[in-house]
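Each of the next two complexes has chain A plus one more chain, namely chain B in the first and chain C in the second.
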Partner chain A sequence: MVERIASEVEMISEQTLRQVAANSRLVLSDEEVKAFLVQLQEILGFFESIKNVRADVPASFIPVSLSREPADDVARECLSQQEALSNTQSKNGYIKGPKSI
Partner chain B sequence: MIQEYIKRVQSGEDCSEVIAKFFDEAKRIENYNYFTVLTPELAKEQALLVSKRIKAGEFLPLAGLPVTIKDCICVKGVETTAGSDILRGYKPLFNASVVQRLINAGAVIVGKTSQDEFGFGGFGINTGVGFSPAKNPLDPSRVCGGSSSGCGGITRKTSLAHVGIGESTGGSIVNPAAFCGVFGLCPTYGRVSRYGLIDYANSLDKIGSLAKDLGDCASVMSVISGFDEMDETTSTCPVPDYGSFLAKGVKGLRVARIKEAFGEGVDEHIKNKVHSVITNLEKQGASIREVSIPVVAEYAVPVYYLIAMSEASTNLAKFCGMRYGQHAPLKGSFDEYFSAVRTRHFGAEAKRRILLGTFARMAGYRDAYYLKALKIRTLIIEEYKKVFCSSDVLVSPTMPVIPPVFEDVKRLTPLQNYMMDILTVGPNLAGLPHLSVPVNKEWVGVMFTADHYKEELLFQAGGGCG
Partner chain C sequence: MVDALIGMEVHVQLNTNTKLFCRCPTLSGIPNTKTCPTCLGHPGSKPVLNKRAFHYAIKFALALNCSIAQSLVFSRKTYFYPDMSKNYQITQYELPLAVNGKVVLDSGKEIRIKRLHIEEDPAGLVHEEISLVDYNRSGIPLVEVVSEPDISSAEEARDFMKKLMSILNYLDIFDASSGVIKADVNVSVKKNNFERVEIKNVTGFKEIERAIEYEIHRQNNEQVVRETRSWNADLGKTFSLRKKETEEDYGYITEPDIIVRQIPKLVIDKLSQEIPELPAQKAERWVKNFKIDSVDARIIASDPQVASLYEEVAFQCDKILSARWVRRELLRVLNTAGVKLSDTALKAYHLIPLFKLLERKEITDRTGQQLIRELAQSPFDVGLRVKNDGLSAVGDVSEIGKLVDLVLDENVQALQDYRKGEQKAFEFLVGQIMKKAKGRAKPDVVRTLLLEKA
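So, the complex of A and B:
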């Protein structure tokens, strides 16, 4: 059985949600903010349970251990410029983007 | 089932007729929404090539087999969207390794199957903007399950030889397999290459197969499994001949019934069906015992969602109207452009998961949520490993309910939706192979879970379910 520790419940505020949306490059309408806030508070409240677990163990970034050496760093055939740009808006061999200045 | 057909094609029978029938059938059942795109021209070319290769004396283990590919897996030159509007128009310049292996083995790619957007769902209803949810092949008023929803649906619905390639992050292969009454095998993490898969969550994603017959699953898994130099996480462990384990029998197989998987929240009807399968295995000589995995039962859902959403929010950062799929008129600053494209083309569940994942990785929250979840994942893996010291396979129901009707799913809150994954997220978090076997070809699945790289034990157990 895992050991439990006490913790305080943190709730996401509207201000934090708007900041998270901006960081995520998403524009939320006021209605969306209202709906997501209720949903995210419920979900994050549920996630709080993990804070009660004592886990003095290493993190598992992947579920299996990898014992192989990384592949050699050798150049190989790659996409042509034309191919690489085929799914983009491009001009003169470059991806086109909004004006930055 | 597919082996008879493959033998005929290998002996010289033209597969073009079956491929043509597949497209006729797909058109007849178009309103079930199983496909994002069909590929008749590609299939025609591949069928011709199969005939040529056989005439030249090649042996093709999947000769002429119609195979569908979940939309999140890249097929060269075929629109690949992962069920998301933001990727509409994206045509990969290469085949995913799994697709290339299937083609090399003589399979014919007939289409891309529908799914929850980027795999974000367990009912197939979180489809991207402009996509429609797949309907259950046994009752169109009900869902197919998800997120490999179209894959589960067509696998059950088609009358022809066929295997579907699905993908699972938290249960997306076994869930639709159970709801559609077919077999679904999700392999060990790293058993099948993820090269060419549009990632949902890199440390959780696995590619596997769904089929009407367990032998069909085995035939395809033997082809697609194994080391791939394009995916550093693939294993060099040898791939056994999975088919040879189907008739091995279950005498002496140590089967552990997961105590918590038969508790509150699981339909009595489902418990009874799964118990009848366990009793049958015992009669055939399997040894049955009960095990408890309390850490998995209590924490797998929040830990899974924290890790999955954190990884997903970073993976989806690259979809911003520049390199793939949808574009927009180039107005405003880069930030304004990215935000406009993402806001317009991501669906509601994708936005919800991006927000949650971004929040969980923010300074001040990262250690408490994301890192803590990764540490509890270690406890979960250790708990499973302990059980496998004295058991060969674990058994549980696949899903706690039968496929619900669409109206009922719409009434669930997002959290209630996530809780439906309670039986499947454990093995997915731990990267363990698991198999859903349909009980009496109905929409109830019994799930077997084995230790890492022990898929053959799943085929042995599944083979004993008759």
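So, the complex of A and C:
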């Protein structure tokens, strides 16, 4: 099944995969690229089945019908700092993140 | 063809009480104390649009002569950086709130507005060996105004920013004391085939002007590659930041958590009616109806508080004299002191008696200047001060005559120079007489007597 999709439909190239990984700050080994390429092609292949679905309905960006009205600009209670920092690594009230510059 | 093409992407923080998609207050303070699951990007949390922010953005778009979209659609801009815990920013991409506006500069040149959209601010970062993240800022409502590259110099960029600021002040949707205006500036020069360089996150008018000046000079003297640079205000230089991502890299998708909603014409019409007379219209009306100088009109109209003060004063006093004194004296005094009108206790009822005295020439211009300086510091009853301190203009011929004689005796050389035809010497003598009269002598009487006696 996987081999069939990968060979028939070139939905994602190795170059695209490497570019997306770089944008996502992911370092992938050559073996991982090879493995993920097959897996991603398999995943994207499932979307091919959408071609068989009726297409004469309006496009829907939102999967469920929402009717949330815009909210009034009135403040509500926030999380405490302790709550906000729970499950994170922190320093002086800040959440620690990776070096960015 | 111009030598430089400059486009601006200006980010304005809207003056709302709460964030764009949650009800956390838009306050800074102790880090990570103004957060909730939504602005922290916790799984399962859902954004709910702030109605006030939405309405403010529409007003701003209308004031910039934009066309408003029929629907409000948000998108996810995916990027990986510690200032955005969800790894995407909710913004507008395919369909911005508004397009095709314009800003008219003082020179009459039109700068086209390509688009205006709403987006959330990322978190604040403190850069150490690692990044320290404060999510208090995360989700604060921003409007991004994108101009076409119609700006061709740093001066035009400053004027463009001033015009935006003036409109924001009139709409009262931006708080200059707490809000921040940042711009990403795209600069390209003819000499390098207009290869585009983006300078990110320049804060403040002066820095925007400096960054553009520097970048134009750099690009005219170096090989230019397409890139993103940052502005270091301390060093007065731009630095290469990173290879620029393309829009494709952001992998925009329509935000599935926010309903696509229609923007009814009724709402746009209602908001349109709430927009006050804007500075350009105000200045035009004053020039037409009050016959005041167009530069005076433009400068006074640019600040809503000053404009309102002028209108109140001009209702009772000579309109041309009032405009001249508000622009040339009052604004000069405020600029010198580095304060705004709203920082002072000065009101129209302080200026009206002053301008009336000037109109009737009961005080001299010099006394008027002195009184405006003092009024800006701490207001008082002008009539009473003039009476108590004896500041009324002196027009008595015999009294001024004595001063003229005295000055001529003391300045023989200047008198001789004047008689040889030096006009400067005459003005010097006028100055000396005014000095002796402590600025109170009526200038026309001084000049007449000096002409007679010299």
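In the analysis below, the second predicted complex is superposed on the first by the 60 of 101 C-alpha atoms of A that agree within 3 Å, B and C clash if a C-alpha of one lies under 4 Å from a C-alpha of the other, contacts with A are read in each partner's own complex, and residues count from 1 in each chain.
FYI, contacts are C-beta pairs under 8 Å (C-beta built on N, C-alpha and C of every residue); 3 or more make two chains touch, one makes a residue touch a chain.
For clarity, every value in this text was computed on a predicted model and none was experimentally measured.
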May I ask you to decide whether A:K96 touches chain B, chain C, both, or neither, giving the answer as first, second, both or neither? both
Between chain B and chain C, whom does A:A55 touch in the aligned arrangement: first, second, both, or neither? first
Specify the partner with more touching residues on chain A, choosing between chain B and chain C. B
After the superposition on A, what does A:L79 contact: first (chain B), second (chain C), both or neither? both
Considering only touches as defined above, state whether A:P70 meets chain B (first), chain C (second), both or neither. both
A:F46 contacts which: chain B (first), chain C (second), both, neither? first
Can A:S24 be said to touch chain B (first), chain C (second), both, or neither? both
Of all the chain A residues, which ones make contact with chain B and with chain C? 20, 23-25, 61-63, 66, 68, 70-71, 79, 84, 95-100
Would you tell me which residues of chain A are touching chain B in their complex? 1-2, 10, 12, 16-17, 20-21, 23-28, 32, 36, 39-40, 42-44, 46-47, 49-51, 53, 55, 57-64, 66, 68, 70-71, 79, 83-84, 86-89, 95-100
Touching chain A in the complex, chain C uses residues 16-18, 23-25, 30-37, 40, 46, 48-54, 73, 78-83, 125-127, 129-135, 245, 249, 251, 254, 256, 258-260
Any idea which chain A residues touch chain C in the complex? 19-20, 23-25, 61-63, 66-76, 78-81, 84-85, 90-101
Chain A partner contacts - residues on chain B that touch it in the complex: 89-91, 93, 188-190, 202-204, 229, 232-233, 235-236, 294-295, 298-299, 301-303, 305-306, 313, 317, 320, 322-325, 327, 330-340, 342-343, 346, 351-352, 354-356, 358-360, 362, 365, 368-369, 371-379, 381-382, 413-415, 418, 429-432, 452
